[in-house]
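Take this structure, written in structure tokens, and hold onto it; I'll ask about it next.
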Amino acid sequence: RYGYYGKGDPKVVKLLVCNLDGCLTDGRVYVNQNHELMSYSLRDLDGIQMLQRKHVEVRFLSERKISAALLDTLKLPCRVETKVSNKRSLVERWMAELGLSSWEQVAYMGCGYSDVECLKLAGTGGVPADACVEAKMTDNFVCKCNGGGGAIQEFAEHIEQSKESRKRKFGNEKQP
Amino acid sequence: RYGYYGKGDPKVVKLLVCNLDGCLTDGRVYVNQNHELMSYSLRDLDGIQMLQRKHVEVRFLSERKISAALLDTLKLPCRVETKVSNKRSLVERWMAELGLSSWEQVAYMGCGYSDVECLKLAGTGGVPADACVEAKMTDNFVCKCNGGGGAIQEFAEHIEQSKESRKRKFGNEKQP
Amino acid sequence: RYGYYGKGDPKVVKLLVCNLDGCLTDGRVYVNQNHELMSYSLRDLDGIQMLQRKHVEVRFLSERKISAALLDTLKLPCRVETKVSNKRSLVERWMAELGLSSWEQVAYMGCGYSDVECLKLAGTGGVPADACVEAKMTDNFVCKCNGGGGAIQEFAEHIEQSKESRKRKFGNEKQP
Amino acid sequence: RYGYYGKGDPKVVKLLVCNLDGCLTDGRVYVNQNHELMSYSLRDLDGIQMLQRKHVEVRFLSERKISAALLDTLKLPCRVETKVSNKRSLVERWMAELGLSSWEQVAYMGCGYSDVECLKLAGTGGVPADACVEAKMTDNFVCKCNGGGGAIQEFAEHIEQSKESRKRKFGNEKQP
């Protein structure tokens, strides 16, 4: 639990924050006269639940206004915050709430212009294959999958593999 | 009916079990305020019916809770079991019911973490192109098609071709 | 109107018959508790209308039962026959109705097992990129587009280009 | 504001006109017994709003009849004109309304046969990757993205980059 890297090893991801629009969903809005429709992939749910079993907190945020009824039907196994105008300050509020002192412990996945700031701050960042150019240029993990098509699962597996390879490398030194 | 390989030739597929989520469907859940929506491809129905004409029993399973009304609208020409928590034990119950003694006679198609066990057991296994890494690493037939986009038809044709090429090789020796 | 190739030049397409499922649509059935949903591409409508302006009759057939209300909402600018069990005999009835004596004057686009017979008979045949293997092996024009994603427009442009290049080659000889 | 290229620099885009069908949407019409459904990508909204912040007027046109209720649910942040039979004359009316004297100041994105004329006239033109051949052959910017899948965002970024690179090249000469 302590060792070479200081206690808590800040590089171990404790919180994954993800843009709901374009990362969990494919960023499409389907509308008809009455309703808005959204879609997401069960593969991404698989990835989210895998991280949760490893004690990573997973949360979603969205800039858009999404009706409570629609959110309810989504049946997501994690917290979702909508109508977020300042993504950075929300994530920092969440970090405080969870007792995390550093962005190094945060994994962030985003795809739009408004995700660029958090993508630069987060210790571990990821973007779907179809993210905007500016988001891709933040020098983070670029998924092979598009948003809504497995990008979150792919990023979750990337987070896990980084942890494993870090354990293999530094495991002994971290023992007291 | 009997010969070199013992009677019943265990490698001939008698039962195809398929994860509904991500194999029959593209693994997407479409929701609006009231309803959940699912989609599948008619190409896969074509493949299922082709196998049925060759006397292969085809069944679907899903971990998810899917409403009876929704299942009804799907109009699938085969049995579907939902809310399956232990996939292996369900398949083994089905094998007993059909008088199959060995996993060798079972073809299994799956795409998620929870399909890995059955993919390792089945005599013939298949995964859609967009299955999770762990499922792909079970050393089975990897489709070119994604789940929901023809993967079942592709796997069905693979099953048939294996049978044909086996007949060409061993046809004579199996005659009494 | 007559010449080297007999009157009527059988290779000039007078009728385009198209499998609705998997050619006009992407072959997906979307269902929720009450309804079935289908989708098609406006690009394909563009292609259909281009052919109609050149006096090619365009018709769709489907093996499936599709409700009259759903067909109505599709607003297709051409005739659609559903619940077709014998595709060949329907097309031959249409040929008789239109005074066409030969399959050479028919263009056929299909994607499934049940389209194979007509694909072999038609003077001009086409299959979407995601057609089943058997349909693709009928030695016809294979589109780059998938069904529901522009395959009909692509095939329509192929029909037109064949006509143009035939005119350039044989135009003079066909004059009396 | 004036200099080498005459005042107003006609190459600076003041108006972006975009075919709604096949550029904003993926050109698919989803129907069930009661309703028509359309979908668009939030990535494209991102691109539209980026241009608006740079004072480019963005407008959509469509040949189709789209119900007022459906348009309302789309919640687009810009003007949409439907049932357009003559695209060129509509754009020219818009140019007059905005005080633009030349097509050089107009960016046009389209994908179908009926967009070809405007694509040839516009100072800056763009087509989605899945546009029809005739639209692609107008010698304009061809997106990597398909219609409905980020093509507008890609084109918006192309418009911005052209402006930037033009500024870098000619910036000094344009100073009085």
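A, B, C and D label the chains in the order they appear, each numbered from 1.
Convention: contacts are C-beta pairs under 8 Å (C-beta built on N, C-alpha and C of every residue); 3 or more make two chains touch, one makes a residue touch a chain.
Keep in mind that what you see is a predicted model, and the values were worked out from it rather than measured.
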Chains in simultaneous contact with chain B and chain D
A, C
Top of the farthest list for chain D, CA-centroid basis, is B
Roughly how many whole angstrom separate the Cα centroids of chain C and chain D?
33
If you average the Cα atoms of chain A and of chain C to get two centres, how far apart are those centres in Å?
46
In chain C, the residues touching two or more other chains are 30, 35-37
Write out the stretch or stretches of chain C touching chain D in their complex.
30, 35-43, 46, 50, 67, 69-70, 73-74, 145, 148-150, 153, 157
Quick check: in the complex, which residue numbers of chain D touch chain C?
21-22, 26-37, 64, 111-113, 130, 132-133
